[in-house]
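Got some structures for you, see below.
Look at the two complexes coming up: chain A is in both, with chain B in one and chain C in the other.
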Partner chain A sequence: MITQMLLRNHDKKVLWFALAILAAAVLVPLSNLLLPAGNPLHVPDHMVPLLGKYLSYALLALALDLVWGYCGILSLGHGAFFALGGYAMGMYLMRQIGPRGVYANPLLPDFMVFLNWQELPWYWYGFDQFWFAALMVLFVPGLLAFVFGWFAFRSRVTGVYLSIITQAMTYALLLAFFRNEMGFGGNNGLTDFKDILGFNIQAGGTRATLFAATAIMLALALLLSSAIVKSKYGKVLVGVRDAESRTRFLGYRVENMKLFIFTVSAMMAGVAGALYVPQVGIINPGEFAPANSIEVVIWTAVGGRGTLIGPIIGAVLVNFGKSIFTAAFPEFWLFALGALFVATTLFLPKGIVGTLQQFAKARDERKVAAAKEHAYQEQAAKSAGEDGLASAHTQAAE
Partner chain B sequence: MYRTIQIFLVALCLIISAFATGARAQEDIRPLVDALGQGGFPQKIEAVGALAASGDPKVAEILGLLSDGKLFAPKTGGAVFLETDSGYADVLTGAPVTDVPGNLQKIRLNNGLRGAISAAMSQLTLLSPDRGARFAAAQDLLKEANPENLDLLNSALAKEQDAEIKATMEAARAVILLKTDASFEDKEAAIATIAARGNRDAVNILNAAFSSAPADLQPAIQAHIDGINQKLAIWDVVQNIWYGLSLGSVLLLAAIGLAITFGVMGVINMAHGEMVMLGAYTTYVVQQTINSAAPELANFSLAFAVPAAFLVTGLIGIGIERGIIRWLYGRPLETLLATWGLSLILQQTIRTIFGPTNRQVDNPSWMSGAFDFGGMSITWNRMWIIVFSIAVFFALLLLLKRSKFGLQMRAVTQNRRMASSMGIRTPWVDAFTFGLGSGIAGMAGVALSQIDNVSPNLGQNYIIDSFMVVVFGGVGNLWGTLVGAMTLGIANKFLEPYAGAVLGKILILVLIILFIQRRPRGLFALKGRAVE
Partner chain C sequence: MTTVKPAALKTTNSILYLDGVSVSFDGFKALNSLSFVVEPGELRAIIGPNGAGKTTMMDIITGKTRPDEGIVYFNGEVDLTQKDEADIAQLGIGRKFQKPTVFESHTVWDNIELALNRKRGVFATLFYKLTPEDKARIEEILETVRMTARKDDLAANLSHGQKQWLEIGMLLAQEPKLLLVDEPVAGMTDAETTETAVLLKEIAKTRSVVVVEHDMGFIRDLGVKVTCLAEGSVLAEGSIDFVSSDPKVIENYLGR
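Moving on to the complex of A and B:
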């Protein structure tokens, strides 16, 4: 049923794009593992986790697009869901280290031994099981989004106010996770991971597999999002975005609709975080920084919000640019990023994909108009001929 | 004037009497001075005591020379000489001496002797004509409370005129009395004297005295301790409120500009924190300029920095409004993003120009230091910042309620289209409002430069708190911002001792998120049509 939902009734473009991502999921690992290093098509080892990182960012941007592009909720706290998913995965990876840590404690992660803790805090139980961690990756961000959204949407906090308090939410989490007493490694976060599901996390094969997993997840999330926005519910969601009061007056439960999409989006962001952590090898409270969450917004804006494909393109482009920029002129990156924010909002409000769509639409309209014009002229010529004929007839009749 | 003459006369009398008695006194203490060079350390300590007891005005100088290691005596004992650059001199007269014994050596000190010297010095300074020296000596006595000093203290008390020093001496006397076997009534009076000081030191002294006090005195001591503790607890609350007001006034300065622009234009200026930062850097530049161009004005550089910061940030604000925000009307979320981008650019610009490290902005003399008020100490800079922020607040209130621009601004806040129909040039109102909000942020930067590090990240530390103030207080009413800022400031300071600074902040954020449930548009929300 899910497959049916995932496959029916999509934009052709979205389908093609999902197929392209799936192709990348196959081709990049293959080229990395099978082609010799000298081959021009070979993807070097360091590129694989980098590309994987971009794709997990893309998944995060896609999640944000669902709430911002289709429901008009500008969340400045999506980084928090991403980081929570990341922490859940990080906790699993920490438990996998086992006695191989510096202090060789079979149960406690190194930082707890360092803090002189005697036993594992209760919320670390179960994270030695992958299935449990995977569940938590979805559950924790989802629960936070549900509770937060329930409070916020029920009392009709909207617009800038909502943006500000989502920012406050991630800021509060940032402060909380910096505390050593929280039991999440404080300032340093979780790192020094050894293996995932029994495979060495540094090995080329594992990295290629992780990349493939990220790409497949992204493609699935894209299809799921597309299914949501194409459904009747998705149409109402756009109604909420464009005219909230009117939608409410039509009898829709606006707060429930917002709550659903917000929670789904948060879970998606959590998955993105969980895929990000093993490829980057660290998760720390810095991920909760409000600046990170705002950066996600700019990826989405650059690519084009409300297009699903756009945020993916935007996230990859901007982060690729960031990688190049920070290597070449580190001091100018903030100038470039700042200018990107200003320029995008001023000159490219629909983003790359949105603007292209606009052009395409205008071209189509011109085509249609031209066709109509053509048809009309033909019609006119024809009728004029008939008229001529008719008048000739009448004249003849007279 | 009268006082100057008085001091002059007193000084004159002292000099004359010193000359008259000098010669005689010198000869009186000569054996005592010579005793410094004889025997072991115990004898020397005795000699220091005897010297101090003589009350001769030269004693302090001699003891100072002794502790500096300038005094020499023969190994076998005998007359003491003073070492000078050219040779040796008489200790009392200072006249050069040529025929010194050959086996002279420096009079050595040990810790016991040093202690004796400093005790003797404090006795002497207790009678010194200099007020500061006397006060310090009295405080030393209060700390040490050596029963041997009782007589000295009594004589000093009899002569003392200054009330504050007298109180300190009386307290010291009381502490000493508690240690001696004085009568019950005397001790009771002493306890009352100590308790009257009413600070933590008094509690410590009383606690120390409690265990050694006779049983019939203990209930009185306990009652006094409880009384002081209760008073201190009240002062603690007052102090917390004060700290809260101080934090609140900073938040008020930072948030009020934000509230104005949000209220009038409905846009959130994410670069607001950077305006604060620019204001702080303006203060730095102004101070540097004045220090190099007109050092005599250095103490008043803030008076130049405030208008300078207002103008600089205000003009930048108008520039931002005309250049960026104007094009984004009706799209508040996009404005938020654009101004965020701008904040990144401004931060990086400042980092490129001034470097990433903190810049030193000096406090003028009238803003440094502290004064005591009741049971708490108030620093002048916090005090002036509160005064400044309240002044800014009321000036702004006046501007909004009494000026033509204020009237127009309020009209635009309440109903933009109607105001426009009435002939108000809303674009200009927007531009100047934004300039005004940014200018106030710049002035906040001047204030913050006095209490915080001036670094490119300065604004980031306050921006989220400022948002919280605006969200909490609501927009369109300055009083909301005032109440919001002060409430958050005080709440922060009251939560800190119980929950820690970080957890306190988290709690506040959570409380605000919950508060928004009840009042989605803040404490002082606009009502009616203006809301939509």
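Moving on to the complex of A and C:
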């Protein structure tokens, strides 16, 4: 039933876009590994994890768009779900270091030895297994979103109030993860990773594979999101966004509708975080910073909320711009970001993709009108011709 | 020996039964011991000056507002004060808002499809597929509210009157036993008003309808029993001629 739903009529553009991402999943690693460094099509080594990072951000933006663009829940705390997924992956990578750490403790990560801890805290159990960590990447953000959403949506907290408490949530987690006693490496977070699934995390092949995994995950998430928003459930979500009380009076349990998409979205953000961490090599409490979650909102708005392709394009473009900008004028990036958000709100309220869609629609409508006009004129010309012919006949008969 | 059923909650055979309902907001008594009864299959019009409590009464029936005191029974057995909006909608009470409220970014067709009386859970809607019966039902409703030609248009592009009709169509799709309609002809042309009266009478053949309206001409067109509210309770009840000749009604409402 689920596969059937996933294969259901997707938008053609979404399908093409997913295929393009899959093509990138193959072509970028191939070009990096096989082409010589001088070749103009060669993707340099440092670009691979950078591109992978952009795509994991794109997955995060897509997750946010599901709740914001389609259900009208402006979450300013999606960075928290991303970071939790990242920490779950980071814990796995820490346990893989084993006795190769600075203190060569086979069980305890370096920071615990440094803090004089004698044994592994219970919540670190199981993270030496990849499958367990992968499960936690989904489960922990999902559970937090479920519990948070359960209370928030049942109490009918909406609009700006909800946005504020999501900010408070990510800020509270930021403070908590800063504490050394929490057992997540405090200020420094988790870093110095050695390998993933037995492969050296620094090796070119591993990085290329991580990029490919990120791209494939993004394509799958895009198809899943498309299946969700195309279903009747997706239409109900848009109904909640546009006229919440109407949806309620039609008999839909709005709180359950919101809770489901919020939880799915948080899990998607968790996966994004888990793919991000091995590619950047570190996860620390800074990822919980409220400003990070706000940045995600900007990527989504720039690309076009309420479209599925928009947030992906927005995340990649803005972060590409950020990489260039922070290298050239590091002090001015936040001003540029703010200006970008203001400009988008004023001049492109539907974002890049939304505006393009509008143009395409207007063009199609003109085409249809022109075709109608053309057909009408032809019809007129034809009947005029027939009249002419008929009168010629009558004249001839006379 | 047959066991005698305990005196059940079955108060009456009425579809809607309100008794002594009061509610106040910040000290203002919006409803003051309001009581009235709607029989199954009845079409009832409710009139009254602004602030008489007409919309508050609808809020209470549909679960949006909880009364401070009083009882509200649906179908003679269901206590509505214990339920929320979604429960009450699923029980079979539909509500049309004063301002037409449709899903603007959906097509006319999708609006009706969403309103259709089917399972409304997350997973039921996630895996929903349009069956031939549902398709036929949607087409039938579109025909009834005269929207077939516009089925692929976005609801946002409809005129005010058409939105009102679409919303009525959505309520029909919900297959309610009781329909609450708040000012259906506000902002409509005279021709549209007359047509709406015909449509409502048609709808009332198969269910109970309560209409709140200011337009006395429209109420006359309906030709049904009228309840006049003022200051949160019933002022007069009866035929339109009876109610409109009542001196209290003239003083409180018509005379103003």
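Note that in this section the second predicted complex is superposed on the first by the 367 of 398 C-alpha atoms of A that agree within 3 Å, B and C clash if a C-alpha of one lies under 4 Å from a C-alpha of the other, contacts with A are read in each partner's own complex, and residues count from 1 in each chain.
As a working rule, contacts are C-beta pairs under 8 Å (C-beta built on N, C-alpha and C of every residue); 3 or more make two chains touch, one makes a residue touch a chain.
Keep in mind the model is a prediction, meaning the values are calculated, not measured.
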item	value
First, second, both or neither for A:Met257, with chain B first and chain C second	second
Touched partner set for A:Gly239, first chain B, second chain C, both or neither	second
First, second, both or neither for A:Leu35, with chain B first and chain C second	neither
Which of chain B and chain C A:Arg248 touches, first, second, both or neither	second
Between chain B and chain C, more extensive residue contact with chain A	B
Touching partner for A:Ala176 - first (chain B), second (chain C), both, neither	first
Partner chain in contact with A:Ala104 - chain B first, chain C second, else both or neither	neither
First (chain B), second (chain C), both or neither touched by A:Ser231	second
Contacts of A:Val368 with chain B and chain C, given as first, second, both or neither	neither
Residues of chain A that lie at the interface with chain B and also at the interface with chain C	none
Partner chain A, residues of chain C touching it in the complex	62, 64, 85-86, 89-90, 94-95, 97, 101-106, 110, 113-115, 117, 120-122, 125-128, 170, 174
Touching residues on chain A, where the partner in the complex is chain B	74, 148, 151-152, 154-157, 159-161, 163-165, 167-169, 171-172, 175-176, 178-179, 290, 294, 297-298, 301, 331-332, 334-335, 337-342, 344-346, 349
Footprint of chain C on chain A - complex, ascending	1, 5, 228, 231-233, 235-236, 238-239, 242-243, 245-254, 256-257, 260
List of chain B residues in touch with chain A within their complex	262, 266-268, 324, 327-328, 331-338, 340-345, 347-349, 351-352, 464, 467-468, 470-471, 502-503, 505-506, 509-510, 512-514, 516-518, 520-521
